[in-house]
Amino acid sequence: MNGRIALRHVSKVYGADPRTALLLLAQGADKQRVQAETGQHVGLYDVSLSIPAGGIYAIMGLSGSGKSTLVRHINRLVEPSAGQVLIDGEDVLGFGAARLRELRRRRISMVFQHFGLLPHRSVLDNVAFGRRVRGESRRQAQEAARGWLARVGLSGHEHDYPDQLSGGMRQRVGLARALASDTDILLMDEPFSALDPLLRDDLQTQLLALQAELGKTIVFITHDVEEAFRLGQRIALLRDGRLVQEGEPEAVRQAPVDDYVARFLARVNGGSVPRSTGSARG
Amino acid sequence: MNGRIALRHVSKVYGADPRTALLLLAQGADKQRVQAETGQHVGLYDVSLSIPAGGIYAIMGLSGSGKSTLVRHINRLVEPSAGQVLIDGEDVLGFGAARLRELRRRRISMVFQHFGLLPHRSVLDNVAFGRRVRGESRRQAQEAARGWLARVGLSGHEHDYPDQLSGGMRQRVGLARALASDTDILLMDEPFSALDPLLRDDLQTQLLALQAELGKTIVFITHDVEEAFRLGQRIALLRDGRLVQEGEPEAVRQAPVDDYVARFLARVNGGSVPRSTGSARG
Amino acid sequence: MAFFATFDLREPINRAVETLVERHGDRLHALNDLLLQGLLLPLERVLRQAPPWLVLLAVLLLAWRATGRWRVAATLTVACYLIGCFGLWDALMQTLALVLVATALAVLLGLPLGIAIAHSRRLRAVVLPVLDVMQTLPTFVYLIPAVMLFGLGKVPAILATVVYAICPLVRLTDLGLRQVDPEVQEAARSFGTTRWQLLLGVQLPLAWPSILAGVNQTVMMALAMVVVASMIGARGLGEEVLAGIQTLDVGRGLQAGLAIVLLAVVIDRVTQGFGRGRRPDGEPGARP
Amino acid sequence: MAFFATFDLREPINRAVETLVERHGDRLHALNDLLLQGLLLPLERVLRQAPPWLVLLAVLLLAWRATGRWRVAATLTVACYLIGCFGLWDALMQTLALVLVATALAVLLGLPLGIAIAHSRRLRAVVLPVLDVMQTLPTFVYLIPAVMLFGLGKVPAILATVVYAICPLVRLTDLGLRQVDPEVQEAARSFGTTRWQLLLGVQLPLAWPSILAGVNQTVMMALAMVVVASMIGARGLGEEVLAGIQTLDVGRGLQAGLAIVLLAVVIDRVTQGFGRGRRPDGEPGARP
Amino acid sequence: SAASTASPWCQSGKPVKVAGLNWESGELLTELLKTVLEQGYGCRVELVPSTTITIEHALAQNDIQVVAEEWVGRSEIWNKAAAAGKVKGVGRVIVGASEGWYVPEYVVKGDAARKIRPVAPQLASVRDLPSYKQLFRDSEEPAKGRFLNCPSGWSCEGVNSQKLKAYGLTDSYVNFRTGSGAALDAAIASAYQRGQPVLFYYWAPTALMGKYRFVRLAEPAYNEACFATLTDRNHPKPCGSAAPEALIQTGVSRAFHDADPVLMGFLTRFNVPLPLLNAALAEMVERKDTPAEQARRFMTAHPEVWRDWVPQDVAERLGARR
């Protein structure tokens, strides 16, 4: 099965000497042991998955399980320590600087978990950034930006600077910036986490409409299980850098591969979330 | 009614000349008009509320409605443009530097929406920070810090630096830092927004236990209506810098003062969230 | 001391300089003349022949454009007028021409060099020690060979000034660029910026406060070199200072020294003013 | 030029200096003696009388403690040994004593001043122009009056060096502190830090890269002043340079100049090494 | 005739580059020279400011053509260049210059007006110096006295160092090299203004000599053989001798010298009698005039001096401008 985006045995170790870490992992060591023994952090280990074209693909998992690391591989903001990343069948890792740039300019845009706004530019210029980068005229880019700012509810804040905005407002600027680029792949790293329910609901609806209308491929990280089920045509679950389960929401819900997945999805299963005993583990 | 913490007619305008903005507001202008006419941002306008001792007080509201601004008034990180802030009946604004410091050291600690971690210190030192500031020995402070790190699931990451952590892990460091201070007032600005459901659930449970055990007063900002209802003994709703409704969750649910509140709480009312027409408003 | 092996570079160096002068002296003298006739003298002529009120008016307008505040612009203009009152107008114009050219060269060379070493570890490992040498090798030491090679006058003076004044700019450009928040850079790169777009649109604006501090230091050092320049035949305010010192006329030296300070302040405020952008709400913002 | 009102400061300045010398010259000369006997000469004596191998060993250990790398430490020690091979060991020790005292003074005064102006707009408005003057007023101009007031030799040389070398440190400390992320500072303040705790625990560590750049520039400038210091009779490497220049012995001047450069590099690497903290994972981190 | 008084160099349109000296007598003589060249010979004159060493070097390279006041034989650079035939000294622009070891007059005779008692009434010769070492105490080595020498690199520095040996003063005096002429001047002026004793090397004509009253210490009379031991820096057993009278000429570059016999004729006769020069310098310092102003006054006041320098027709031209 080869989708729009495919990861093949991707591993990522943060640190100076990934090879020893990979060796340890191959011997069955887990993330905690690798960190204890080598001082390096495992971001992902041996993840293979395929994201079909034209749909919303939801990624969930514990905090620190490697979700952000995973999506960063898709536009190659992170170089994998091992494995391949394919987009439309082409290995992104083989791209030269120019092709990679084209990929990022026209085909993939991203919403960052920590927003990544440009502090020295006004809200309007932040949102217009993607279009300006690919060479559009200032007027044209700003026009598009204004439209998207209105859709995320920030009309009137065009000339503010990021440090003058509330957390949710900053998040929406990041969102508008990615949407304004109008690419057909969207990587969204917890894009609604700082938003109130009304706005979140509104934006979920818009996103669904956008996807349906333009057939965009959206990779969507979220901690909100309901959101994942509402938006996702497929769902992937990560744990400690490994892919635990992946499939259609209904299938996952009905046949969780293990207790972890079951507990994770408890909320949408109608049951109350079982109390974990002792302390949480990240 | 005088609670542990009380705000009296507090207004906050961000900008060089708050007085003209306050005049406009007094004449009935809204936040948008003030911004359009004076270029200044209204954070809060004429908010009065009283937070009872020993309970969790949940604050909700649209993105940009002034929640973060409100809690910052309590430990006076923000000076109000008008109004009073009382803690245990004393006006915080009248405190000299020394008393304010004592207040922040021993009685109030805060979890920041954007974490506010010290990038040059290890996770352990970040968490021990509050205790070190008030003069505890390094060993003692670090011991307490280790305990809290374990409780938020970050054992093993003591010697990492913030830039090596995932978003949710950073949030937990901020959380542990505030909890490690062991003050009886806790200001928590969306403390669980970046966490997965399992961890969030675990931490909610811990927070409830902590509150019940030690009778802490907790001001809790959240966008998750269910969370607010699960944790909050009282709930306040803000909109565009004004306090819209305030009271016990049950009372608010049964008698929302307006359509805005009703829609906001739709989720816990069992009904599905009504679709808003057109675009969202911040 | 028997503890040290003896080891003498003096003779080889002397011989090397001598051969250099013999072989290339004429050509370099010609180069000197070229630069002089082509660049420096025309500028100097314009400045010296323009009526003082015109120059003052130019200062006023420029300072106003740069700082946006009439009060500051007027003060700077008065400072220049004051130098005229000291009877040093002509010397001022000569020094101004020299310093303008030297500063411009230092910025034109220093900024790209700083950018280059911020992006390449290897280049930095080579350039930083060279900067150490340029900044601490006593000016005199290379000034004399420079005079032998280029002849007396303004061109070697400018060279020496540039060599000395370029260092802080290179260092602070490098520092500023390396301190730019990696998360912001990553976000920008995710939109497919070219290196160039990233540099102009993100890195330079965010490093701008450091770079401006570097430009400030460059201007300061260029003016600190004015006296040294006059030791190898560049006329102007430095000459006055030297003459004041030699004749123990402290007042004459100090007055000319003050004129140099005033000139430094004027150039500094104008460059800093042009460098600093302004946010519409009055808070200072950076601009590339 | 009739356009300019004439306006002469020379006479008043000269008279002022003369009265100053007559009234306070003796007392200031006595102060000079005191500093000399109390501080500088003992240090110089220790350095000059210690056997060279001991000094080299100290350099080796210090450089190793600072940089944590034997290779670098060995290179720096060899650099010092090389100066000895040039036959300049004694001059080196004299210059070292001078530069150490001057740099230490510059850092001890400059850092607090930089911190102070970062925290007070009003103070900054006063101090920055003074720094402009200190940096651009030609050294000679105040050196000669300093000689008249304090006498010839090392003390006025140190004063002049401090005046010149302190400026970049003050400026860069100020810049670094003002660039510290306000959100981080706010978070720290929310725990009730005193100004002092905030400064030492948050602001200084985060401004540290800028401050280190300032210290680097201070060291560079202190060494650039060595030759100037020797112009008022401070002995050491600078004197060698001067003598080389005066006799057109380019080799002699350049060799002594190289010794100054090597000394600059050694002092710079050691101070930067001590300033730079290290994160356990090998990434550089700041430390206060 | 007109032909014999027209300067070939200036006729060819080339400017005469003259060293801009920066001590008083140098400044004044340069201005006088410039006046004659410009107004008498119609030359284009450019002043090039610089320090002594660069001047001498530039002269050797013909980067500049004239140095008004050159103390011949005092610098390594000049000696080398002269030996190589690149530079020439012409005329005797100053005659009767003196140099030696000095103390302020009040040290020996006191100064009633300034209420200074004579602290060393017996001090007359360099031989007396050892017993006065406490008077000239060195602050860095308080057990010794301090002798202010020339800056290292000046030829007088070597001579004075040898003299310290020759006069047996190495144990009682520190050989303090002042680093620069300006520092030497400042140290002397400061001591003088404070009425403090100070021992130093100095020379005339200089403004300081005109301004202050110094006493020259007696030395053994000039002796060629002994002086040779003084100029040899490494001679182990130098014997004392006063300096011979300094040779002060106008320095010209070889190219200029060969190209322009007419101007050489002028420079050969270019001279200002010492008393007149001292008076003019004192006046200049006193009135705080620029050298140019002082030169103008001199030209007006002393036509008898400059008429001797130049042929009749040039003198006429110069006179017409007065």
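By letter and in written order, the chains are A, B, C, D and E; residue numbering begins at 1 in each of them.
The working rule: contacts are C-beta pairs under 8 Å (C-beta built on N, C-alpha and C of every residue); 3 or more make two chains touch, one makes a residue touch a chain.
To keep track of the chains, here are their UniProt names: A, B = ABC transporter ATP-binding protein; C, D = ABC transporter permease.
None of the values given here were measured: they were computed from a predicted structure.
**Q** By count of C-beta pairs in contact, what is the leading chain pair?
**A** Here the largest contact count links C-D.
**Q** Residue numbers at the subunit C-subunit D interface: does the shared fraction exceed half, giving same, or fall under half, giving different?
**A** At the contact between subunit C and subunit D, which are copies of one sequence, the residues are largely the same (over half shared).
**Q** Can you check how far apart subunit A and subunit D are, centre to centre, with Cα atoms defining each centre and the answer in Å?
**A** That gives a centre separation of 51 Å.
**Q** Starting from the mean Cα coordinates of subunit A and subunit B, work out the distance between those two points in Å.
**A** Distance between chain centres, rounded to whole Å: 27 Å.
**Q** Counting only Cα atoms for the centres, state how far subunit C is from subunit D in Å.
**A** 21
**Q** Averaged over CA atoms, how far is the centre of subunit A from the centre of subunit E? Could you give it in whole Å?
**A** 83
**Q** Residues of subunit E touching 2+ other chains?
**A** In subunit E, 53, 57, 182, 186, 189, 288 touch at least two other chains.
**Q** For subunit C, what residues touch not just one other chain but two or more?
**A** 144, 148, 242, 245, 248-249, 280
**Q** Among the residues of subunit B, pick out those that touch two or more other chains and give their numbers.
**A** Residues 114 of subunit B each touch two or more of the other chains.
**Q** Given the complex with subunit A, which residues does subunit B contribute to the contact?
**A** It comes out as residues 14, 32, 35-36, 41, 60-65, 67-68, 113-114, 150-154, 156-157, 160, 164-169, 171-172, 190, 193-203, 205, 223-225, 263-264, 266-267, 273, 275-276, 279-282.
**Q** Going by the contact rule at the top, pick out the subunit D residues touching subunit C in the complex.
**A** My answer: residues 1, 3-14, 17, 51-53, 81-82, 84-87, 89, 129, 132-133, 135-142, 144-145, 148, 164, 167-168, 171-172, 175, 178-179, 209-210, 213, 216-217, 220-221, 223-224, 226-227, 238, 241-242, 244-245, 248-258, 260-261, 264-265, 268.
**Q** Taking the complex as given, what residues does subunit B use to touch subunit D?
**A** 75, 77, 100-106, 108-110, 112, 114-120, 129-130, 132-134, 159, 161, 181
**Q** Which stretch or stretches of subunit E touch subunit C in the complex?
**A** Per the touch definition, subunit E meets subunit C at residues 20, 22-24, 27, 47-51, 53-54, 57-58, 61, 63-64, 181-182, 185-186, 189, 207-208, 285, 288.
**Q** Looking at the complex, which residues from subunit C come into contact with subunit A?
**A** 181, 183-184, 186-194, 197, 201-202, 205-206, 279-280, 283, 285-287
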